[in-house]
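Structures given as structure tokens follow.
One chain, chain A, links the two complexes that follow: it is found with chain B in the first and with chain C in the second.
Our next item is the complex of A and B:
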């Protein structure tokens, strides 16, 4: 339970009173990070995050890449939704080089970014069920995800880590079959969605386990700078697609999903309902796709010295790059700020007071990607 | 009864060999049926329809090195899985598979089986304790939580059957079974079904083995043969509990046309299928939610059920 914005720092109890549990690095639900848990019986007294086990120094590596092949590094921030991160890179580099991409490219980028969001959110929902030890919903959402991956595979040749967006445009010209595959995926989503919602939302055991658990109050969102679905589930109406539209997002009609409760169930619902909004955006983009046969504009090899800041609403929240150029063929310095690294710190505030069993559900509901936790 | 027949029964069917086959079969069926509910294929490549996948897995596990924690009590750590396996196997000896197909039949079948099953959690707690490791320890303590929430409804529901038929002997219970007996005990049957899921740590009550919370509970430190025996004991526990349900509430081997043992296995399979379907559809509940559920719903209900059975019997 949240007891004011303060991490317990003083030693807790006498030695031997509490059990200290290393929840990770090698643990079925932790992913490659350690969470140190002080336990009083089944009750969590204190939690300490310890990420950093899979750090790859992405920001430094970007300094040794050219503007275009940095895409391959950038998309590895998180493989689950790689398209949002590349889109941001492309936007940042175009801002540096003062290049405007045509409208059809912007629309297709929106499609790709929303496909990335859907793919990521489907895995997120599966993970939230997986934390409760039931694999059926996970398998179902993965089966649905395959349709979107088929589209990505047909378009770019890769199912994940697609490198589909490059500075100056998109990598390939989309063919008619690509759009057919995407339409099929959207139709399949709409066909299955009512069944899925019936099973997922009204699941009594899920409600029992997620409702009222891990409440993040609004103040904590501002204090820790929480982002994305986690912030929106706590009643913060903040979505970069609406606030600072990029890549023609202002043309699309969609609503930002906001919940007031701030508990794990609200975060689950936000993720679930954002998939519907993404499907809406994709359909609008497919219908209103502007005419145009230029899918990539010419980018200079060397970009003049300067700085650029760019932010997009990624699946897990706003992701921000600050790129500095010294007039060379690649970035002089890049600073990345990613949402998972922000959101994970909420765990230290909200987990104490819950049972050990709730740690898995709260952790899953924070919707962390270990890739952007340890860049 | 001649010695050869007794030996055949203890060693082949329904004795040791058969019980090993049960482990193989249930493991395979669980994987295949749950995979079907997931929309997957399940075991496929080893043998026809992947039947031999379990054999391959078991031989893989047998090849594993037996690792014993430095702090662990070596002797107890090694002996606990064998004790657990033998104790569950003993329960299977009482179950009548057909009119004359049982190893032991005493006037106290039901009480002895329930007593053996109730002492199992103590063995599992011990397995967690002697591992001298944190996750197994928490798992072991959680087994005791299962004990105080699951065993009482199990006993009360089982005893209501004994009250109705006036005997603890399985064969007699099955012989006396009829449709009125089934209808009177239907509440007890439902309570027993929930209780066997709790006692056998099946989802949604698999709290002592909750993978996402405490890795694998008391089984975490076990490898090789020890793991195989403990996991086998868990599988056999599900089997004997399902067989007990069938014997007590569904008329065991009774049924038209087909031979008795076929009916017995059809009914056991139905119970299994239910358990698999519940596993595939229900998320795990929390420890305190389980205790609250059993002590506010299940235990009062099973007491009322006993009153109901007594009232109907008095009429």
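Our next item is the complex of A and C:
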């Protein structure tokens, strides 16, 4: 029974009767992060997050960059889906400078953002299986991801950290071969998808370890400001693409995947089904791509003093920037509000009461990226 | 409940009028500039009136422009799809404000992060201790304008 958000801040147990375990920094499932766990036998009594092992303080770095080359820092918030973070940067700077980009650029940005989402979700699914020590599905999703990386490599020259979107447009004009590679990736996804679903969805190992574990009640989503697939798996219909459309998302027909259960398995299903929706969006954007040969609008070197707030639905949830300009060639101040930083704190509320072995699966199902947790 | 009654109460209780904030690209937003010592009452009012979704806490250091530290709290009403920006300013010499982590638990981590980076003392916060930054950067308030990072290359 949910009794409101409660966090344990007092010391627990008498000295010596609980075991304190440092789960991470070197644990194979934790990533570069420490989770301090208080254990009574095998039962988790209290959990404390200790992030900060990959902090780069990008907010400070951005104050020393020009508007355009800040893209390099912004995309390193998380390398797995870098396209969503740069898209938000571009939208924020365009809002500051009062610049509109043409429709074909908006459509191509949607394609790039959805490719980024697919690439990230595939890794996320791989990570959720990886936490169980099941390697085959991880290899399958990585093999599929290669097709999308081929497209990104052909278009931008890089497989990850592409710098493909810039304020005022996209970096290069997309060629016919780029679209051919993307169509090939989409076809390959559709060809394999039924097999993938058969193995993934009713996978007995996964179902046994994920179902009914780490339930996040709907109230906790609002109390902790949880975002993205984590919020949607708990029955909160919140997707910035549908709720506040940007970059022509209102032109596309897709559904927001919402599950009511709120457990780790629901979060897994949301991530899995969102890939299908992203494929749908890419196909619509490829078909309906508007005519136009202008792929970049002229941006001013200096942008007038003012501020802008922008948010997009990124792979892990809403990523939000508050950008302040004082009339210079770069930002005066940027606040990056990242979804993993909000979502990770749910672990302290939901993990107590579970067995230690469940910590890996709960953690993997929260779909954390350490890059945007620490920034 | 709702934005109308929130704006009315803000005017009667604190004498603050709603201002449009068109700089938010996402949604319709109203800004309220409040005194820092009112933050707890305002936070309680926000929660009562349905602004239950917290987005961002964004401090801005305006000390080179002759002002203090500006604090921006972004909230959203899920039902009405209206955003509210609560803006206040604290002096840089003694940056102090009440913590509202017990009203909005989402702010617990955010206040801790901003304490570490700006040195804002959130009174009543249960664990203002290092979160993200390296030990060598603790207490230097790296996000303030007075902190100049050492250049990487000579």
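The working rule: the second predicted complex is superposed on the first by the 371 of 375 C-alpha atoms of A that agree within 3 Å, B and C clash if a C-alpha of one lies under 4 Å from a C-alpha of the other, contacts with A are read in each partner's own complex, and residues count from 1 in each chain.
By definition in this document, a contact is a pair of C-beta atoms (placed from the backbone, for glycine too) under 8 Å apart; a residue touches a chain by one contact, two chains touch by 3 or more.
Please read all numbers here as calculations on a predicted model, not as lab measurements.
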Three-chain arrangement built on chain A, chain B and chain C clash or fit: fit
A:27 contacts which: chain B (first), chain C (second), both, neither? first
Does chain B (first) or chain C (second) touch A:374, or do both, or does neither? second
Check the contacts made with chain A and report whether chain B or chain C touches more of its residues. C
In the overlaid three-chain picture, which partner chain does A:165 touch, first (chain B) or second (chain C), both, or neither? neither
Regarding the shared-chain residue A:95, is it in contact with chain B (first), chain C (second), both, or neither? second
Quick check for you: in the superposed arrangement, does A:55 touch first (chain B), second (chain C), both or neither? second
Given the touch rule stated above, what does A:279 touch, chain B (first), chain C (second), both, or neither? neither
Rounding in steps of 10 degrees, give the angle chain B-chain A-chain C taken between C-alpha centres. 130
Considering only touches as defined above, state whether A:141 meets chain B (first), chain C (second), both or neither. neither
Can A:310 be said to touch chain B (first), chain C (second), both, or neither? second
In whole Å, how close do chain B and chain C get at the C-alpha level once superposed? 24
Dual-contact residues of chain A, meaning touching chain B and chain C, are none
Which residues of chain A touch chain C once you look at their complex with the stated criterion? 5, 7, 9, 51-52, 55, 57, 59-60, 91-92, 95, 222-225, 238, 240, 243-244, 246, 306-311, 318, 320, 322, 324, 326, 332-333, 335, 337, 341-342, 345, 374-375
How about chain B: which of its residues touch chain A in the complex? 34, 37-40, 134-135, 138, 203-204, 206-207, 210-215, 279-289
Would you pull the chain A residues touching chain B in the complex into a rising list? 19, 21, 27-29, 42, 129-136, 139-140, 143, 203, 205-206, 208-209, 355-360
Can you tell me which positions in chain C touch chain A when the two form their complex? 23-27, 29, 52-56, 58-61, 65, 72, 74, 78, 81, 104-106, 108-109, 113, 117, 126-127, 130-134, 142-143, 147, 149
